[in-house]
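Two complexes are shown next, each including chain A; its partner changes from chain B in the first to chain C in the second.
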Partner chain A sequence: MNEEVERPAVLDKAERVKQIIHSETRESLSTRRYVVLSILALYFLIGFPLWMKLTEIYRAPLPSNFINMLQANQNIDLKIHREVFVKINDGLYFPDLAESTQIQIDHEIFKMNQDPNEQLIVDWNVTLRFDEPGPDDYILELEIGDGEGIAVDPSTRLTVLYYTLSSIKNNDLPYFITQTVLYHIFNSELEFFKIKNQQKNNKAINYSPKVHLSFKLLTGDGDLVDWKINEALDIFFQPIVETFQNYVNFTIDSEIKYFTELNLVNSSNAITLKDLSTIVDFSEWDISSNNFNYPTLNFVLYYPSKSVSPLNFEFDSSKNAFLFPQWGSLILQKESLKPNSVLNEHELRPIFEKFTSELITLLGLPKHPKTLQIRLDAIKVYSIFTNLIRGTDSLSSLLKLSKSLPNMSIPKTVLKNVQNALKARENTIKSANYDKDWDRALIESNKMLEYSELAFFDREMVQQSFFPQEHKVAVYLPLLGPLSIVCFLGIFRIISEIKLFRYARP
Partner chain B sequence: MKIQLEALLGLLALSHSVVADGPASNHSHSINEDVFENATAYPYEETLDITPLPRNNLLISFNFNIASEYINVSESKSHHQYRAFPRSLAPILESTDTRELHLRFGQGWWDSEEWGQLPYSGEHSGGVGVEVWSVIEAAGREQSFEKWTSLVNSLSGLFCASLNFIDSSKTTYPVRSFKPENNITLFDDRNELHLIRAALASEPVCTENLTPFVKFLPGRGKSGLSSLLDGHRVFESEWHKMSIDIETRCDGELCRYVMSQKIDAVIDIPRAIRTKKNPIPKPVSGNELNCDLDKPNDAFECFPLGDSNKLDFTLSDLLHRSILGGSKFSEKPAKVCAHVTDNWDTYLKVDGNYFGTPSNCFDVTGDDVYDLYFQTGDSTNVQSIKDVPIFVSRSLTGYGQDKGGSRTVFNNPLNEPVRLLYFESLPWFMRVYLHTVSVSGGGANELVKSVYYSPEVDRERPTHIEFELIIPANSTIALSYSFDKSLLLYSEYPPDANHGFSVEPGVVNVLEPVKYSLRTSSALLTLPTPDFSMPYNVIILSSTIMALAFGTLFNLLVKRLVTEEEADLVIEVSGPKAAIQKLKSKISVLKKSSPLTSKDSN
Partner chain C sequence: MLVSFSSIIRLLCAFLFLSPALALENESGDSDPRHTNNWAVLVSTSRFWFNYRHMANVLSMYRTVKRLGIPDSQIILMLSDDVACNSRNLFPGSVFNNQDRAIDLYGESIEVDYRGNEVTVENFIRLLTDRWGPDHPRSKRLLTDENSNIFIYMTGHGGNEFLKFQDAEEISAWDIADAFEQMHEKKRYNEIFFMIDTCQANTMYTKFYSPNILACGSSEFEESSYSHHSDVEIGVAVIDRFTYYNLEFSEKIERNSTLTLQDLFDFYTFDKIHSHAGVRTDLYNRDPSKVLITDFFGNVQSAVADEIEDDILYLLNHKEEEEETSNTASNTTTSSDNVTRVKNVDSSTINQYGANVINIKDTPTENNYAKYIVLASLGAIFLKTILK
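So, the complex of A and B:
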């Protein structure tokens, strides 16, 4: 009974509610919808980008395309074109010698590039010139001799090629010249640039225009010793320092250290090659790292203490000199020194001869030819090339780093250093390709390397003092959270209203 | 002439040490010039002075002097030869054109009233923390600062100290204090000399600073007196100071570095012996307790007496190490001197044998292991202490976080006036008001003879004050001034900002009647520190307010406006109450229908 009375009342109310809902005008409804839509648009189109922009970390725009191109085609723009001035001493005149030799040389290099083993990684060539040479140019003198042969001047860039009249007759002269130029004068240089020789020479230090040499006399105990190092250096080392002048500047110092003990196993005197790395303990010897900002090579002459002398070498005792890649050289003596002994120049001679040859290895100089100048030229040119590669490597690593850490800031100084590095690279190419000024190119390529490393090891970037993205969101969550909830609830309401109206209004 | 004089001085110093009349007299700077003629001996000497102090304390003073090879300044240097002189140090000095370098490391407090004058008249004792000053040859002030920065950065790595934190805001150019004693020759006449100084008061000086110090010595801590130096023992002392002084001495064109390294420490003898016996502190058992028998004393009660005055110990008890042979690097043997009164017995112990000398000075040579033995029936009987010309104490005054004051009290115990230079370098966040400087006490006017004042520049320069004061005889004066504390930038606060900021010790150099130098204690300045979560709070709070405002605005714009009656009606029908009602009725319908269905199935 009761139910029957109540039900119409409820129905009535529902009717009225429907009425209320549908009493809204179409305009008001659409206005409300537009409001929601415009707020949403504001939120996504202006608010969100603005927030992103304002909380963004500064990232300088790096010339990534160019660097990637350089990394992909290494040294495509570098041309190493050497020049050899040919001088004919005997007054003979060969009208087509220049042309025919040049053709042979070009062909030989072309052949090299075809062979996958011999391929060169840089545009290398040599041009013959017949005009007057400068003082520092490569000169090839042609002279009639008893037989074919070459003579190399050990102190200048002069090579003499002896030929006979029969070789002119057989037209062998261009061939001889080609052979001399490619396989004698520039042999080491060409070897450097061959693809098969590109494994890194681990022994040699990376090229630096300044190298510090530190000579150390170490003894295991505290008895006074001394060495005539000043005299020895003047006699044995000064000539080398002078020849290297244009390539690398040496600063030299020497010291004497006492109580430098060997880390001998089981306190026996035996030293095997295997254990050498543990027996020689540089940290115990306290060979202080230098305060120079260029590489140091150490040359250590070590005398054991009386208590362990004589050392029992379990290897050929004449081979007591050890080369430590990129660190220096150590000569381990068997017997301890007598107290108060002074090593004089004569005693130091064999030691310094060893040190000298180790120095040349540590600098990465080629073994041939005899002329030191030509060997220096070869390493100089190769250094230009490797500097550019290393610089480009640094730059492309920088790009990779910046790509992998999108939250890292890239300050303007980095961009500036990158630009400077690229500018220095450009200058290197200019001096090498057009001016053939190898010294200048070397300086510029060093600059390129320096700048690219400065860019990579930028203090602000390396410090990694940047906020992760989550951090930013966490801080702004009290703003973003309520705003988003309000907005999304608004959309939700509008959508449900649409549904309601669709059902209600046929 | 000068060399002769020096040699003479050296002789004098030597004779003094034989007579043994005090710790301060035995520190000759001269290094035997003849040493250079011998191809293998070095211009090196080492001495150790041991002086008992009142209250069972013992002052040990190590002194190592060394000189480098001569370098011809005018010649272009082809290469540098270092023999005994540390190669790790010399290139730094050369590359920065440093003509003089003084480094001071120290911790602890010197009790002037009990112990008298500081060793070497305070000349080699810095303040708490690290202090460094140097004379640098440079064309101008800017160049000199560049070299200074490079110098302190290199030293920082060498000594494992945070010297690299020295920047322009900590660097001063002293005007009258710290003047070099000798004339310094310019290597290049176009340059000038710059005296630069900085100090880091909050630097904890510890064993890692001693290790490089010992490595500078030719014996490298493995022979000679330096073999006694054990970081743990030296730094466990009551007071310890480490100093390095390098000077460039020139003889015409030939120049060389002369370096003097010193370590002084005051050791509490009973404590050192105790730690040797029990490395882990344990309570003493009852029968070992030294009780006062005049007072109630039984198994449960004991009034302990002070430390006994009878002492019987060896040097190795205190330092846990013995002397491993003499110094082979110098012509002079290493010298150990005990400066004691007659009721002390001092012996050199070698191979179980004991040797004594009338002067209590011993030469240490050869390869034997040496130790020093001390014995006394009354340790209070020590050599008379030297009177201190001035007592200085500095304290910060005031309350609150915005301003404060500093008050330095000078007490002259002598019967004659004392003329002194007072040097202070204050951090830039202490804004000193020069007009508030006041001097009180002493009764006389014109106590301040001259003032040098260079005001701070925020983040660039510290306040630098040098006063020349005259303290009248037997009087106490107080020098005070007030300052404002400034706020730092958010990122400038250190991690432990509430701990306070160290203000480096003031430096007092007494000029008359005697030469004496001392440092006040360092001060701890509390600055107003912000709540470090503040920026986040600000962001969060303002974000919440914005969100609130936005929510209201949004609802106003988006929701439809109806009358209250209508709204009530809508809620009644479609609101939460109505929904619950609907649910209830549905359940009741289910309840009613379920028994019916069960009946049907039956």
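So, the complex of A and C:
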């Protein structure tokens, strides 16, 4: 049965072969083959690689292992080793004081690290030196007094430890020195590095090497007023600027604004601290600005208008300075200003004391000890540490994103910035560990942070990462439809012709 | 019939999955706001005069957040077309969101950050991820940090998991989700409140996966959002329903309002909006009934009365004098070395500001434990005799 069915088909095929052979010359048949072959070659040898090349997403190879290692072991290679120069004024000679104190200090730090609450997150230590100190070094003077005590100089890095002859006899001097160094001179610094204190302080701004300070005099009325802000800044504020210059650079402006009214429902109502956030109307006053690419802190001296003066404070009117976390500070005066009054520099002095105190809080400096230099050193060293952490965070975020968004390109500039960041990190560690040059280390750590942010915020890395299937079809269909269908049908024809010829040959 | 049955099952499933999540939220939800600044990103995405209402929507929101205290510097306003100056506008320079035309939304002070053709998908993604060239103005950037609460409002024409921008391109739910993840990775927000008013709006927030995002939308999958009413003289619809009722609610709010987001969500009903408004809370770890509206719509900065040091400047300004005195003092001590070696603490030069001497009396050699034990045992004996 089957053979009977096939036979006419075979005949049919043979006839068709004949038909084809007679309809066209052999030459044109072979030309068609070459045409099809060359189109196929074009498709696969040029078209396909070109398509792959053009749709390829460049992804620079980031040093992922190293960054992951850094992220897993934060600041493992950073050593913060402080030095204190001991001066003995009374001509007494303690041959083994250095060794015995060092043992005590090491033990104390070891004890801290054993306690899960007190644990330090960085390799911190302090060494005593007995040679001649430089001008900016920590000095500990030993003086005989009529009792044991410590005096920390409020304006230089000098601490005096008073001891008695009996404390020498009982061999307590190393203990006293250890206590002084760890719990008085470097107490704030150690507190910064304790694991339990790693919660972010919401009042302070994130460290930035540049900060803009904007001093504003605001009054509720339109009567002309003036303040001797230039003089006050020159006289009172200049030392602060100089003291801070290795930590932050300040840019300063000042402004007087009139007709800035309080959002009071009823002027006779008592003003409580809680109301303050609604009474003070920053958006109406239009005093916030983002003009600088570094943080701005605002210091506002506010005088109410005559219609609401005197303000009814529920709190002590001498405590009229208020801190707005990460924004700035406001001093709210009770009485309005008389028209044409000029605030001279002496009237501004107590105000500047308050502003300075708030500034120090806003920059995140510790409260103790009194000595500004020591507090500044503490935050400086801590900023180096946090800069490295923030920088490493940025880099590892970049890494995570590059993994989770495979369609996002990673240009060469990103790789370069990552490398620069890692280089700057290396320099930071070098300056901190070997040279103990904290200023240099801070500068380098700032660079690390800057480069890592540049890498993360690279403008090339914006791409619509998701394309729905319909979109792809919409793009490729015009291309595939008219062109490819013709080509592929041609190929099918050639193939079927070859088959027919092969059949006809035997 | 089949459809309704499957939707019932879906609802049941959703309920089963959601209920343990809700229980967890209640346990861990702390209502303490941790933000120090507020930002708002307000986007209308459609072009042309007949989409007047989208511009009105977004301008109404702009007015609201500004009224509640977010300064212009912290509002990013993306306005896809300029209907105020359209030649078809019978009220040139004005935009109204109600036929009573009581409030001119365009008003006196308005700061549009992205206008007309600048409102593109690319710019929106760049804005969220803050990836700009070095010459991009700061006033047009979203300069948020880990203490920022961001309110994002979008309106336009959308569909299932996309929102059309400018009649030419569209943003997908994945794109926004990925952008939020990038913001999360770089710690660029504390919390985000995402609100969207478009057709099938609820599909837009289904793809989010980053934490601390609260989202709400005007309508469900395969459901349209509708406009509220038209103004005869303007000739087109002036506001969308969802936005209209959001505004109606927010008109009640003052800066010290204690109304919460839950109150807002409860305010949405099918009667008002004519579509099913949706809320997504599973990424958000606070209970919306404890989150004040002003945590997102306003910029309420809490004041702190801080302990003030009043001598920092004094000390810095008097440093030099002091150094001089200390130098002379140390000279005298070395010369009179033989006379007296024991110095009085109080007469020390360093101590002229007083109160800086910290006594370290309790020496380590003294053993106090024995004392305490003896005292305790004596006390015990005493108590025993009394009780007898």
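In this text, the second predicted complex is superposed on the first by the 360 of 506 C-alpha atoms of A that agree within 3 Å, B and C clash if a C-alpha of one lies under 4 Å from a C-alpha of the other, contacts with A are read in each partner's own complex, and residues count from 1 in each chain.
One rule holds in what follows: contacts are C-beta pairs under 8 Å (C-beta built on N, C-alpha and C of every residue); 3 or more make two chains touch, one makes a residue touch a chain.
Because the structure is a prediction, the values reported are computed rather than measured.
Student: Determine, under the contact definition given at the top, whether A:253 touches first (chain B), second (chain C), both, or neither.
Tutor: first
Student: Taking the superposition as given, does A:48 touch the first partner, chain B, the second, chain C, both, or neither?
Tutor: Neither partner.
Student: Any idea whether chain B or chain C touches more of chain A?
Tutor: C
Student: Which of the two partners, first being chain B and second being chain C, lies in contact with A:490: first, second, both, or neither?
Tutor: A:490 sits against chain B, while chain C stays out of touch.
Student: Contact-wise, after the overlay, does A:66 reach chain B, chain C, both or neither (first, second, both, neither)?
Tutor: In the superposition, A:66 contacts neither chain B nor chain C.
Student: What is the contact status of A:90 with respect to chain B (first) and chain C (second): first, second, both, or neither?
Tutor: second
Student: Output the chain A positions appearing in both contact lists, the one against chain B and the one against chain C.
Tutor: 286, 288, 290-292
Student: Name, in rising order, each residue of chain C that touches chain A in their complex.
Tutor: For this pair, the touching residues of chain C are 34, 36-37, 66, 69-74, 121-122, 125-126, 129-133, 138-139, 141, 143, 145-147, 161-162, 171-172, 174-175, 178, 181-182, 185-187, 254-256, 299-319, 322-323, 330, 333-334, 337, 341-345, 348, 350-351, 353, 356-361, 363-365.
Student: Going by the contact rule at the top, pick out the chain B residues touching chain A in the complex.
Tutor: Chain B reaches chain A through residues 39-42, 78-84, 87-88, 91-92, 95, 154, 157-158, 215, 218-220, 222-223, 325, 328-329, 536, 539-541, 543-544, 546-548, 550-551, 554-555, 557-560, 562, 566, 569-570, 572-574.
Student: For the complex, give me every residue of chain A touching chain B.
Tutor: 13-14, 16-17, 20-21, 24, 28, 32, 35-36, 39, 214, 222-226, 229-230, 233-234, 238, 241, 251-259, 286, 288, 290-292, 339-340, 342, 475-476, 478-483, 486-487, 490, 493-494
Student: In the complex, go through chain A and note every residue touching chain C.
Tutor: 89-91, 143-156, 158, 160, 162, 167, 170, 172, 175-176, 179-180, 184, 200, 202-203, 206, 235-237, 239-240, 243, 263, 273, 275-278, 280-283, 286, 288-293, 315, 319, 321-327, 330, 349-350, 352-354, 356-358, 360-361, 367, 370, 372, 393-394, 397, 400-401, 404-405, 456-459, 461-462, 464-466, 468
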